[in-house]
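In what comes next, chain A is part of two complexes: it sits with chain B in the first one and with chain C in the second one.
This part shows the complex of A and B:
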């Protein structure tokens, strides 16, 4: 048994809380553990923030499609946008053990996605850019 | 995001209520900047009413801590809720900032 959910919103900062509420609502119907729901909200929030602030930079803001499938042991997430191609491997990597004065302000969002999600992948084509990740339910 | 400020023993307590994301973070930065501009550099952020933060909140904290410490002040946290604590732990922020159970303890730590 699996269930699919999808929502499309404008790539604007005010959409972030809408995505988070959508995740809470959908996961609530499947008794997904609270800790997992929080991590999903965080990872989706960070990915969408990157799309809004960087993906559509210099362009008219387009849309973000958030789709996910809830299975008994995992949740698969797809986030699609139509902005600039983004290469996760090229993003700055924060040093989370650095002293205060050496801390940088950027790179933390992607770092948090990698810390909380499994099997992260990014594909780009004429049909848009899609970030996918899986969260195993423990 | 709702922010209320209060002075106790020369320390400014900022009580935040709401969720911190890239939409709401600039409002907090602006509020903290205004406090620093008034010379209030000993700050306590009471996060009892904050149920969520993304890395946008971490950027606010990092900027504020750097700026206040450069002026012999600090930004110390109180009342951290479990999901916010998780983000602080994941990002290693617990090593660079001081956290307290409640605002009174955070204020007392400045003495």
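This part shows the complex of A and C:
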């Protein structure tokens, strides 16, 4: 038995806290382990920050639709926006080996999502861009 | 590093340049979106069969119009389809009585540059309700829904009668069923979504309720809501300086819409333009930028 949740907010930084709270509320209803909730919030935060800073760059921001489905063994997260298409291949790869003072600010979004989620999928079509994560519940 | 990141940009489907779409193309790959321009190259009767779904039978029934023949009980034509070969638009007009100018329904869909569909117009008025000449100014010029010229006296009467900016008559309240029909049509044509630009604040609010999200302008709608709250700049600008800026107007969707139509967004250095909304077929976005609104 799975349960679906959805929230839509403007692509602006103040929406991030709304998304975090939403994730906490929904996961709380299903007793999702705290560590998993933390990682989900981190991944959603990074993905949405990327949409806010790059996806809607140069335009009056549109919407971000955060939807997720909680299943007994996994959580599927879908983040949809209608901004510029994201090209993951063009994203600079962060040098996580470098000393802290030598690293550039930012750029860790995809890296963190990759580190915390079990599967990542990105689709872009005429009806928007959707990033999907899967997180297995251990 | 991103070896597990599966980037799956939806395969770019090559839409043939269909000067002459054939039946074989229509019965080919059903997941291939078909453009309106392609449909318009079909024979007239074939187009009629496909486009007929765009005007809901419930709307036609209100006026005793046969949904198959588009004629009324007196066998007079009441609906017209414009879908010329070579055009990328389809327009459906329906009118009440003998005068085709007395339109109560007008829908226009068009191909856009992204192989998607734009809804350029949806007008649905009750033809038996009182008409307000907000569409023409005192010099007889078309106001283009009050966006280029204004007829202040008629607008004031329309506002008092409960109409929204851009309306000449009360609405038919059929947008929900029309959108359902449009979505069904677009699904038949393998499209995933359609776009529109809301003419007024009221339109945007209604489209939110119908499941649309914003591809542009969501933040502006949030800002408008915030600034209409007591203490906000728009709330302060409701200073009674014109009939459209009365102090209580912040409370309702229509009140806000008339103030915005009157140019109140200057108070926050914004304009009502460049908003774009998207309806994903089969999905309700759940946007609500004016929660618990009074219409």
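Here, the second predicted complex is superposed on the first by the 136 of 138 C-alpha atoms of A that agree within 3 Å, B and C clash if a C-alpha of one lies under 4 Å from a C-alpha of the other, contacts with A are read in each partner's own complex, and residues count from 1 in each chain.
We take it that a contact is a pair of C-beta atoms (placed from the backbone, for glycine too) under 8 Å apart; a residue touches a chain by one contact, two chains touch by 3 or more.
What you see is a predicted model, and the numbers here were worked out from it, not measured in a lab.
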Quick one: on chain A, after the overlay, do chain B and chain C clash, or do they fit? Just give me the call. fit
Name the contact category of A:59: first (chain B only), second (chain C only), both, or neither. second
Answer with first, second, both or neither: which of chain B and chain C does A:18 touch in the superposed model? neither
A:127 in the overlay: touching chain B, chain C, both, or neither? Say first, second, both or neither. second
Could you look at A:42 and tell me whether it touches chain B, chain C, both or neither (first, second, both, neither)? first
Quick check on the superposed pair: does A:109 touch chain B, chain C, both, or neither? Answer first, second, both or neither. first
First (chain B), second (chain C), both or neither: which does A:119 touch? second
Touching A:137 in the superposition: chain B (first), chain C (second), both, neither? neither
Report, please, how wide the angle is at the C-alpha centre of chain A between chain B and chain C, in steps of 10 degrees. 130
Looking at the overlay, does A:8 come into contact with chain B only (first), chain C only (second), both, or neither? second
Answer with first, second, both or neither: which of chain B and chain C does A:76 touch in the superposed model? neither
Check the superposed model and tell me the shortest C-alpha distance between chain B and chain C, rounded to whole Å. 14
Would you mind listing the overlap between the chain B footprint and the chain C footprint on chain A? 111
Touch list for chain A against partner chain B, complex: 13-14, 16-17, 20, 38, 41-42, 45-46, 49, 52-53, 94, 96-101, 103, 105, 108-109, 111-112, 115-116
Please give the residue numbers of chain C that touch chain A in the complex, ascending. 1-2, 4-10, 33, 114-116, 191-193, 213-222, 274-276, 278, 280-281, 285-287
Over in the complex, which chain B residues touch chain A? Could you list them? 19, 21-23, 52, 54-56, 58-59, 62-63, 65-66, 69, 83, 86-87, 90-92, 95-96
Using the touch definition up top, name the residues of chain A that touch chain C in the complex. 6-12, 59-63, 65, 80, 82-83, 85, 88-89, 93, 110-111, 114, 119-128
